[in-house]
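Structure first, commentary second.
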Amino acid sequence: MKFSNRNVYVSSRAKVGRNVRIGDNSTIYDNVEIGDNSTICNHCVIGEPLVSYYREADYENPATVVGPNALIRSHSIIYAGCTLGEGFSSGHRITIRERTAIGSHCSIGTLCDLQGNVTIGNYCRLHSNVHVSQTCSIGDFVFLYPFSVMTNDPCPPSKEVKGGRIGSYTQVGVHAIVLPGIQVGENCLIGANSVVSKKVPDFSIVMGDPMRVVMDIRKYVVMGKGRPYPWMNRFDRDMPWEGIGYEAWMQRQGNAS
Amino acid sequence: MKFSNRNVYVSSRAKVGRNVRIGDNSTIYDNVEIGDNSTICNHCVIGEPLVSYYREADYENPATVVGPNALIRSHSIIYAGCTLGEGFSSGHRITIRERTAIGSHCSIGTLCDLQGNVTIGNYCRLHSNVHVSQTCSIGDFVFLYPFSVMTNDPCPPSKEVKGGRIGSYTQVGVHAIVLPGIQVGENCLIGANSVVSKKVPDFSIVMGDPMRVVMDIRKYVVMGKGRPYPWMNRFDRDMPWEGIGYEAWMQRQGNAS
Amino acid sequence: MKFSNRNVYVSSRAKVGRNVRIGDNSTIYDNVEIGDNSTICNHCVIGEPLVSYYREADYENPATVVGPNALIRSHSIIYAGCTLGEGFSSGHRITIRERTAIGSHCSIGTLCDLQGNVTIGNYCRLHSNVHVSQTCSIGDFVFLYPFSVMTNDPCPPSKEVKGGRIGSYTQVGVHAIVLPGIQVGENCLIGANSVVSKKVPDFSIVMGDPMRVVMDIRKYVVMGKGRPYPWMNRFDRDMPWEGIGYEAWMQRQGNAS
């Protein structure tokens, strides 16, 4: 139904892999490379030109790379200069601005807004409507929930751009805010609606506004379920340890390296 | 202006009622049924295929029903497998995922994001940018305001999906969050920015994070206005009791049944 | 790349200035006027008709004015009856409803949602995903950050529409909420996640929910940086005093008047 080649534009300077499908009404601009077996749904724009394009006669679109096995859902905009790793998937209407680098097997939800110069590791999942400011960075296996925000201006308005960092395995709840330049450790749980205003050590549960570190996550007990964190032993969907278990996978990683 | 049939695609397997208008650049996929006198504006996608479509050669699009007298504004995406009742209306760029069932005379605002398997009653109004997770349910005559969220994962990340419930006649303020599996009663008022973390009895006013039930809504007095809640006696726009009053309408309902 | 005139519709009753570029898949409806040297990117709709268009056979689209030197990014919707001043720029997927008047040199970020009858002065900057309800007004040189909201219904649901006001030079943090009818003074700083529930005097720093005026902004000291507010002496990007300084510019304004 979707791939009938109606109103599709692919630049002659784009490089499209094998078994790539491009949905109706989509546009692939100059210097975009799309890996094998990827699907770009309808109404998408890949390789959206930077602002200088509107002003400069000799504008050259920076290289954009979409890895193999991607599934980019409809109405999404990926700017030129981005790199999306293998197995990337997205919801609808995402916006990823220039020079954003995303590792492999990440999923970016409907209406997410990555402002550019953002770095995201592997196997991260941003749910709907997450906003990440310029120069923020995110580790591996990080989950951000709807309307969570990473900001970057410590004294607005200013020209200072000071993105924070979220460590690997951390969960960031709905409507949580990470203030400019703040470092959030690994294996943390940031509660819904928290405002993260100072450095968060590894293994912290954080709640509230102003934030408090309420406990070590390894001590957190859920009635009838034991200690649910770190979560890697109890959740494996779409994770590299799916079916084999986190410990076994870690061991293999150790052996391989 | 809008209905000049430019770049419109309607599947030969869709069923379009009488006096239906479909805006330019819109797409109606397989097995969609659109009721009489409905208007689908431009750049919409109705019957968006499920993820299995991208993988299965023999994919069959589930049935999608848009009731009569609908007005779906531009750039909206309605997944296959949804049922939208009579008199449905929407803002722009809404996303409604699969197996969502919405009653009659509901209005879903610009940028709303219903994640699928959501149940909504009749005469509800979701303002802009409301996010509803999978398996959540909403009664009748419920209003949700911008950036309010219903979540569903009690221990993220997990495979547990535990949507909450909002009872009839309840108002949910801007930026309010209903945590996973929480039951909110009927005729409540959830204040702006509240985090609803436990069961809310009928007729409660709730505020804050952590939430507090601050009073019985029937006792709430506004200076110079008396007792504004329950609200049905003072507000009737687009409600079934418009022009006749809530009490009279209730009586008729009683007689009819 | 963008302006190859594919699937563009411009009403014969629109008035397009010199050196205007209109992106592929964009639509310009009746009675729209676009100033010289403006760029409308792809997939945009300018002059979106009001709801009465769907019902009235003799509907006439109200006049819409986009000033000169505008840059409206892709997938944006501007309703008929809006006026956007000189040098307007936008992110992607903005929605501006009818009878909104925006001064000169404003920037409206990706996914912003202005609900109509909104008034915005000059040199304002709304970052991504700001929601402004009907009848709200905003002064000059105001910055609103992501997911901030101005509401307008004091006793929901009601027919009362009571938009608030944000004074000139004020900064409104991420996820902040301005409640219905509230007046926020000039030169204020509204902290992230605040709920502004009562009148805010000029030069206030406001934080929290419930809000507190925590200090006079002129007394706020940042270690190693002195007193950063008012901000006009330390920030001039895209401001009319860029390169000459705020004081000198103010003096010129005084002399000119």
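Note that the chains are named A, B and C in the order they appear, and that numbering of residues resets to 1 at the start of each chain.
The definition used in the following text is that a residue touches a chain if its C-beta (ideal position, glycine included) is under 8 Å from a C-beta of that chain, and two chains touch if they have at least 3 such contacts.
Keep in mind it's a predicted model, so treat the numbers as computed, not measured.
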Among line, ring, star, complete and other, the chain contact graph is complete
Using CA atoms for the superposition, what rotation angle relates chain A to chain B, in steps of 5 degrees? 120
Since chain A and chain C are copies that touch, is their contact same (over half of the numbers shared) or different (under half)? different
Taking each chain's centre as its mean C-alpha position, how far apart are chain A and chain C in Å? 28
Counting only residues that touch at least 2 other chains, which ones in chain B make the list? 7, 25, 43, 75, 93, 111, 129, 147, 175, 193, 209
Can you list the residues on chain C that touch chain A in the complex? 1-2, 4, 6-7, 24-25, 39, 42-43, 71, 74-75, 91-93, 110-111, 125, 128-129, 143, 145-147, 171, 173-175, 189, 192-193, 208-209, 222, 225, 228, 231, 234-235, 237
Contacts from chain B onto chain A in the complex sit at residues 7, 9, 11, 25, 27, 29-30, 43, 45, 48-49, 51, 53-54, 61, 75, 77, 93, 95, 111, 113, 115, 129, 131, 147, 149, 151, 155-159, 175, 177, 179, 193, 195, 209
